[in-house]
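Look at the two complexes coming up: chain A is in both, with chain B in one and chain C in the other.
Entry: the complex of A and B
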């Protein structure tokens, strides 16, 4: 039975729950927007990386370099899309 | 078919390795897709018109259950792949079954959430905020629905054929998809719901 629940996965799960609870804190703690968004971003990025590494086994094959590069490129495209849109639609002309 | 015994079954042939790699590239495209939807939402989130705002609309209780279900289903999906690598068919099927059931629970909560919104007069046409919200959440929910059907199909194949290089490969690729949906949900949970209620 124990071998069905590897420590790595169980720890990953517990850590995900803890990170979600910390993120939930922004609703109850009286924080300013910057502090709140910082906590949310840090927790979300750690949690996403945890899924990638622990559950999706991104680093276990010999082509892991290509996999990481692919994800980094996609995240770069995503970040440029989001912040580029915010810049052109909101921040750029204030 | 050349089988490489030093690798887990799902990578054991060249075709299998290529399929896993190809799916990672697809996930890259999915990241780009969801980024565009987040970009639209972040641009329009305070354009509520005469409709409700996020903080008036969102209910923390349901969202927490959705998050808990999806996180736990991601965990059991990981355990299913672990059991698969130990060549244990029955635990693998149980963990996959639990994963899909929790996915269904997630969808149930999300659908009832949408129904409540619409009953409160918050529809797709009410405001720019609600249009972008429904499209973002709906795209994720559609992915979960597709994942449910896909996973159910794979469970049938494992039941029929057992753990073979083909079914192991399909299961592993499905697990990548399911974990990815959890990653997208983490961002929705944080930057739509928690930010909206902050």
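Entry: the complex of A and C
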């Protein structure tokens, strides 16, 4: 039975739905900005890790070098997009 | 909703288009029934998972879209030919330049590039198919669903009219109340998902499925360029998908991401669009660089000069492409710090690109050059692309950019980059690899006539736009008065556009002529080329390689020809092949309908289609499909037939 029913994946799925609902809750509970952003950031980090570990099998490869290269590139693009946007739209805006 | 709102009405040209769509569809249906080709179409094409067939379908779709976008271009050029023309009104002109841009970039350049990738990459690395053949078919049908959804907008509902970049607040519900921009948002989301899956598919294929001995630094340059392109796709396309989803929420579900009030930020759209949009430029141009590298080295009879620096410069372009997007909106109000930063990064891209240009020139140096049609496109590309690149550096200077931002100068610049960079690239690739798929070459004489018409027409059409831009003619203006003095140069540009169009007609006529008259049986290697794909018989059998090749050097096939080292050894073995499937095609139809219903905010049918999509995913999850085997005996028989009994 354990082989037939993928408990880990179903739990992961349910948990990712719960995290999405919590994030949606920020809108409905009418929180202040700090509390809202804190909840969103925490949810986002857990959500991303959940997807990577449970569904994308990160770390199950023997080739650590390509894994780290991938992560570095992903972090590079993410950081550039987020901080670049803040730079062009807010900090560096006249 | 009234029928008069559903269909676009009031334009004689649109009525003509409707009639011709109905007539052509009827002709296709009647023709298929009359010649009893329904079964053939379904079994051999619509359900295929063979990378070569999928590639061919991509290229056919891209050529059709080239003509659709080309007619848009001719309509614009006709309207601008003389002062105060009354050919198109302002609204119609807006719709035409929007669809021209979207179609040429996303539904012509992208599928053409992806089509050539599909045809060539597995052959070039010695693989029997891509890593996920079924997913590849899904990618194609998602792209096709998106393309069709976008194209029907001009007879049903009205086309988007806010430019291909769809800037907010113009593209918001407030200023573009028709469903046009809903089509934009949904069609691009659907085809974008397909592109993203292609990206993953090809990264896995290239990293995991190379023939034994083909190390990364032994890969053909086209394979390298495609690997890097697909990495850019995987990292850039999610940004577009998210931006389009937010746009859809804004336009259909009443959210406020890009509005000017309630905490929305209209400029964030332009920002997100170009975070994807600038890497996108490199997504369509890098594969062309790879194609030119292979072609120039083949027809100079030399190995590529500076292989390592080619790879390094492409990696540099990949990283820099994510650092330059703000140069698209220098004039939007950013401070000197921001504009200065992005000026420098933009100009830095000219360095690796320059390295590549010099590598191509040094490859040609002292080569034994033969001027075939693909080589002519490569030769035309180098000087024209350099003009495009240099004007790009001019535009990169933020303070100077205030002078020609959004003028015809910009329009001339990006056509000077994209047409030689992408269009010449894919046309060269198409002429070059055509015999591999179909077993005969396109006629050289017709091919060269088309090339000369295209290159002359192109320069006559776009060179005047540089000067018009410097004189102050802005892009996207639908008419001008005689006193501006823009008339004569515009007339020249229009003449050039029509010459360009004749060139494309000759190019397509060449398919017909060559199909009728080209000599067959030229063997698997008509160009005396260098890479693995030419070691297979033409047309390539469904399994590509009867035996897996063994690679010892760069340019593996050339090495094996010159040094007499056999690529293939051992006995024939049975080959495991994936089964065809109708599911990707059906999923494409479902996604098309889902998008169509959402465009018109018909939520009940849209929800039904969403449920059908989930059911199809579940169906696929529980399906058991182990493919089939081609027996060793059958493989041997096919090979003997295709190669003669010598092998």
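Everything below uses one rule, namely that the second predicted complex is superposed on the first by the 85 of 94 C-alpha atoms of A that agree within 3 Å, B and C clash if a C-alpha of one lies under 4 Å from a C-alpha of the other, contacts with A are read in each partner's own complex, and residues count from 1 in each chain.
As a convention for this text, a contact is a pair of C-beta atoms (placed from the backbone, for glycine too) under 8 Å apart; a residue touches a chain by one contact, two chains touch by 3 or more.
Not measured: the values here are computed from a predicted model.
Asks: Kindly say whether there is room for both chain B and chain C on chain A in the superposition, answering fit or clash.
Replies: Here chain B and chain C cannot both sit on chain A without a clash.
Asks: When the two structures are overlaid on chain A, which partner does A:5 contact: first (chain B), second (chain C), both, or neither?
Replies: first
Asks: Just checking: does A:87 make contact with chain B only, chain C only, both, or neither of them? Give me first, second, both or neither.
Replies: Second partner only.
Asks: With both complexes superposed on chain A, which partner does A:73 reach: first (chain B), second (chain C), both or neither?
Replies: both
Asks: Should A:55 be classified as contacting the first partner (chain B), the second (chain C), both, or neither?
Replies: The answer is first: A:55 touches chain B but not chain C.
Asks: In the overlay, work out which of chain B or chain C sits against more residues of chain A.
Replies: Of chain B and chain C, B contacts more residues of chain A.
Asks: After fitting the two complexes on their shared chain A, where does chain C collide with chain B, if the options are 237-245, 417-425, 507-515 or 525-533?
Replies: After superposing on chain A, the clashing stretch of chain C is 237-245.
Asks: Just which bits of chain A does chain B share with chain C as contact spots?
Replies: Residues 66, 73-74, 77, 81, 84-85, 89 of chain A touch both chain B and chain C.
Asks: Which of the residues in chain A end up touching chain B in this complex?
Replies: 3-6, 9, 12-13, 16-17, 20, 23-24, 26-27, 31, 33, 36-37, 40-41, 43-44, 47-48, 51-52, 54-57, 61, 63, 66-67, 70-71, 73-75, 77-79, 81-82, 84-86, 89-90
Asks: For the complex, which residues does chain A have touching chain C?
Replies: 66, 73-74, 76-77, 80-81, 84-85, 87-89, 92-94
Asks: Where on chain C is chain A touching in the complex?
Replies: So the residues of chain C touching chain A come out as 207, 231, 235, 239, 265, 267-268, 271-272, 275, 319, 322-323, 325-326, 333-335, 337-338, 341-342.
Asks: Using the touch rule from the top, collect the residues of chain B that touch chain A in their complex.
Replies: 7, 11, 17, 20-21, 24-25, 27-29, 31-32, 34-36, 38-40, 42-43, 60, 64, 67-68, 71-72, 74-75, 77-79, 81-83, 86, 88, 91, 175-176, 179-180, 182-183, 186-187, 189-191, 194-195, 197-198
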